[in-house]
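Both complexes below contain subunit A, partnered by subunit B and then by subunit C.
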Partner chain A sequence: MADALLRLESARTGYGPNDVLHGVSLTVREGEIVTLLGGNGAGKTTTLGVLSGIVGLRQGKVVWEGRDISGQATADRLRQGLVLCPEARRIFARLTVEENLIAGTWVRDPKLNKAKLEKTWERFPILGQRRKQLGGTLSGGEQQMLAIARALMGEPKLLMLDEPSLGLAPLIVEQIFRILVEINAAGTPVLLVEQNAHQALKIAHRAYVLATGEIVREGTGSELLASDEVRRAYLGED
Partner chain B sequence: MSLPKNIFGARAAILGGLAILTAPFLWTRLDPDFATGFVSLRLVPENGIQFLSVVVPAALVALAIAGLGRLWARYGSSKPLFETASHRLFESPRAMAATFAALAAAGFVMSGKALSLGTFVCIHMMLAIGLNVTIGFTGLLVLGYAAFYATGAYTFAIAAHALPVLPTWAALPLGFTVAAGVGFLVGLPCLRLRGDYLAIVTLGFAEALREILRNLSVTGGDMGLVVPMQARIKAIGPVGQGHASWIAAVGVTLLVALFVHRLYHSRIGRAWIAIREDETAAAMMGIPVVRLKLLAFTVSAGLAGTAGAFFAGFAGFVDPSTATFEQSVLILAMVILGGIGSLPGSILGAALLYLAPTLLRDWFPAISDYRLFFFGCILVAMMLFRPQGLCGSPRHKLELEGAS
Partner chain C sequence: MQTPPNPDSGALLFSQMLEILINGLARGSVYALVALGYTMVYGILGMINFAHGEIFMIGMFAAVFALGAMGSAGLVAVGITLPLAILLAMALSAGFGVMNERIAYRKLRGAHLLAPLTSAIGMSIVLQNFVMLSVTKGKVDFPRAVAQPLANTTWSLGPVQLTALQAVIFATTFALMCGLFWLVQRTRLGIALRAVAQDRTMASLCGMKVDRLIAFAFALGSALAAAAGAMVAMYQGVLRFDSGYMIGLKAFTAAILGGIGNIPGAVLGGLIIGLTEDLTSYTIKSEWKQTTAFAILILVLWLRPRGLLGERVADKV
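What follows is the complex of A and B.
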């Protein structure tokens, strides 16, 4: 078994008096696509918050490449290649496409490496065409691509994505997921948080199901795709 | 500057209603009789006539400009005339340098009074440009900006008294450093928080500072301080004091504008805009949000201090009125009128808003008491008809026009 790149160990946290996560553990290894499924309020975004350092832990720890990074700030984690592509895209509407990408390099690459932009235009030709356009004028799908491209500018060793399919048409979702598979094939492990279970499980090597702050199931993508429980809860089948 | 399509529509009705409500106050005056306790209403027709003699021609001029703008839009370029002109004049460092050089040269055909007025305009340009760094670029509201203006002015006045050898040019670094330091200390506790705490804190700071200035002996109390002659801007050879001040003012304004232009187009400037757009997302990118907000506010306070110290060296006196709320609002109004986030806008807004009340006072003394009322009307009209300001930032334009 390959060494774990990222390990979350019995994480417990919450907001105010209430706990949201009641001891969540998960692992991502080199080369994997791992999907974290869960309904609204299950604690998916909080889990990513804990991993990226935006949300503090009450118990448990985050282990990155064998070291405990629970106390580290977001910027320090970014510096080590732990990059989050946030929920609802959160691109900068009044920065141009190019400036949005440059914003993603703040920590890793203060003196902008132009070759990285060129690589982005190659991978996302549509963004290249719109490089001087303001982020806010892009369509939803293009904005999601921009958000992913911006995260890639941070040279992730692990790319975490929070619901990249949110609010997008099925065809666009397929396109986005194809991009994720390509990124993974090029050597970057991916931790994908999704509600769109069907698509997400199809591309995942392994998956976890999160419900009310606890991991209730775990298995390979195809195992979960075949499980009655998951089919009922997430795929709308009886 | 296009005319609203529904000139008789809801917006016009609001403005008309405001005008009707305020008209009686212009035509009449309430005279309280303290002996009897009665208040009598006295008609003051000359005020009303003065009012109309300003408003009617002003409305005609506005209509003419709007008409020209329409013609320009139809036959000229798609961009409004006014905006095109001011962007051309101030868009690049080279254009700015040329424009300011022309302004400096124009000083030699200006009268003493015009030169002094022009110098004050330049001081307000520095202030508006400086405030734009926090409000426009970084999206932080500052309501007591005049406090840093006063800090710079008093710093230089007190230093010139303490150190009789202090040269005039020392005003600039001294004003910048001390005001920036004060800004840093004021910003430190409240910039860690989100939301408009900075607005409240700076507002309170300005009010407190004014009271302190009024009550300390080292600041001269209500009378303020006279700046010693040796520290003031003086005549240099054949160039008189008025011309020297004007050229120095234009030069310093250009420096301030170039400095802010460089910052805006740097990595830091882009990060400021990112913070304004979405603070959380910026933090997720690892952008040090608190540090950069503090930097913006410190630079902004420093620029106000530079303007204040220049003012002290030019006017030769400082008094607590530099730190009034009215002064802060005036600078804020300049930034909004010109266009939030736009450097040419700040320059333009400062010129218009400083000149308008002064000219009003000279030409129509009877109604200059109402200049705050006009301010209000202008700001309301701007928010209704042109929220991006006279000369909105290129980002707003880009947003409205889409692909370029």
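What follows is the complex of A and C.
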């Protein structure tokens, strides 16, 4: 088995007097797609916040390629390839598609931008057609593609995504998940936070289930897909 | 009896209009430079920097002192001393702008809108008093040796005269505005500034140092105000610790008129206010110029609350 690329060890954090995460641990290895499932308020977004450095830890640590990076700022983590594509896409509505992508390269060598943009237009032809359009004028699906493409511009060694399927039509969701599989096949591990458990489990190698700030289950994608408990709780099946 | 048609009246009107145009644009382009600072800070923070007029005033004094120092050091070639003085004033005011952000704004970024407003007004009072106590209560003269030759050198533009002083104002403001547009629209740094203005959280997720970019926006706006200050000092010939108040107010008006947060809007607003003032001085009386300028503001805001080029308030530049 490959080495752990990222390890979250007994993470405890919160926003007010109360903790949101009560000792969450998870691992992502090279080559994997790992999904983190859970309902509203389970702590999924907070977990990604801890990993990307926008939420501080009260206890526990973040270990990246064997080194403790708990104290590092977001920009330093980005430089090492830990890239988050956040919830609700957060496209810069009044920057053009191309400018949004360039914003994603802030910590990288700008000399590579031209080649990276060419690659993006190849992978997402629709973004190429709309390169001079303002981000806010794109459809939801196009904005999600732009958000993923912007994250890729940051040259991720691990791509973390927060609910990329949110608010999108089923056909578009399938397309987005296909893109994630392609990105993974091209060598980038993916940590995927989702409420759309069915789709996520189908593409994930491994999965964690988070409930009220604790990991309550973990297993391979197919194990969890077959588990009665998970089916009942997250797939809306009896 | 019929009055014989005056053969000169058409030409006179035309030359008057040209004169108003030149004077108004010179005045307006200075307002525009100052207005850019208001609009940039608003665009990035959603706050009005009420100490901006004082930053302009500090630029005035800095330019005068720099020229004085160079003069007493024997450096007198206006072609060298003037640009150097403007640059020094810009650098000093940029420093004050960054300090202003650090002291009056940074800690209050999440606070209610009235808190930074109050602290900015406090900052404005502090800066005025600082200059009043540390420099002088009275008037300071702009070195005549620099301004006089420029004011006396004139070129004929058809029926009207353009002074070298006005030419310097036009060239400098034009160059600075082009530079700013280029920076904001065409560079990575400009993309980062606009990104911070739109979504600070996402900007920091892109690895941008939000605090530093906000401080940089203050520095840029302050440098532009200082350049304007140097030119107004030269044009008016005298300056005082409270010289920034009225210009600050008018530039603020210009920014609102153009649509606050919108960079071309600030330029447009500045030019309109400048032209209105000169038009009023010629056609009515110069005492009325402020009345008409603010009347136009009220009229525009009545018809178009977001200003001439303003967008929805939620989408800042």
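In this text, the second predicted complex is superposed on the first by the 235 of 238 C-alpha atoms of A that agree within 3 Å, B and C clash if a C-alpha of one lies under 4 Å from a C-alpha of the other, contacts with A are read in each partner's own complex, and residues count from 1 in each chain.
Assume contacts are C-beta pairs under 8 Å (C-beta built on N, C-alpha and C of every residue); 3 or more make two chains touch, one makes a residue touch a chain.
Fair warning: this is a prediction, and the values are worked out from it, not measured in the lab.
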| query | Putting subunit B and subunit C onto subunit A via the overlay, clash or fit? | reply | clash
| message | Once chain A of both complexes is superposed, is A:Leu78 in touch with subunit B (first), subunit C (second), both, or neither? | response | both
| task | Name the contact category of A:Trp121: first (subunit B only), second (subunit C only), both, or neither. | result | neither
| message | Applying the document's definition of touch, where does A:Ser52 land relative to subunit B and subunit C: first, second, both, or neither? | response | both
| So, does A:Trp106 touch the first partner subunit B, the second partner subunit C, both, or neither? | both
| Which of subunit B and subunit C A:Arg130 touches, first, second, both or neither | first
| message | By residue count, which of the two partners contacts subunit A more extensively, subunit B or subunit C? | response | B
| Where on subunit A do subunit B and subunit C both make contact? | 52, 54, 74-75, 78-79, 84, 86, 90, 92-95, 99, 102-104, 106-107, 110, 136, 150, 154
| said: Going by the contact rule set out above, which residues of subunit A touch subunit B in the complex? | reply: 52, 54, 74-75, 78-79, 84, 86, 90-96, 99, 102-104, 106-107, 110, 112, 130, 132-134, 136-137, 150, 154
| Which residues of subunit C touch subunit A in their complex? | 188, 191-192, 194-195, 198-199, 201-209, 315, 317
| said: Looking at the complex, which residues from subunit A come into contact with subunit C? | reply: 52, 54, 74-75, 78-79, 84, 86, 90, 92-95, 99, 102-104, 106-107, 110, 136, 150, 154
| said: Which stretch or stretches of subunit B touch subunit A in the complex? | reply: 267, 270-271, 273-274, 276-278, 280-288, 395-396, 398-399, 402-404
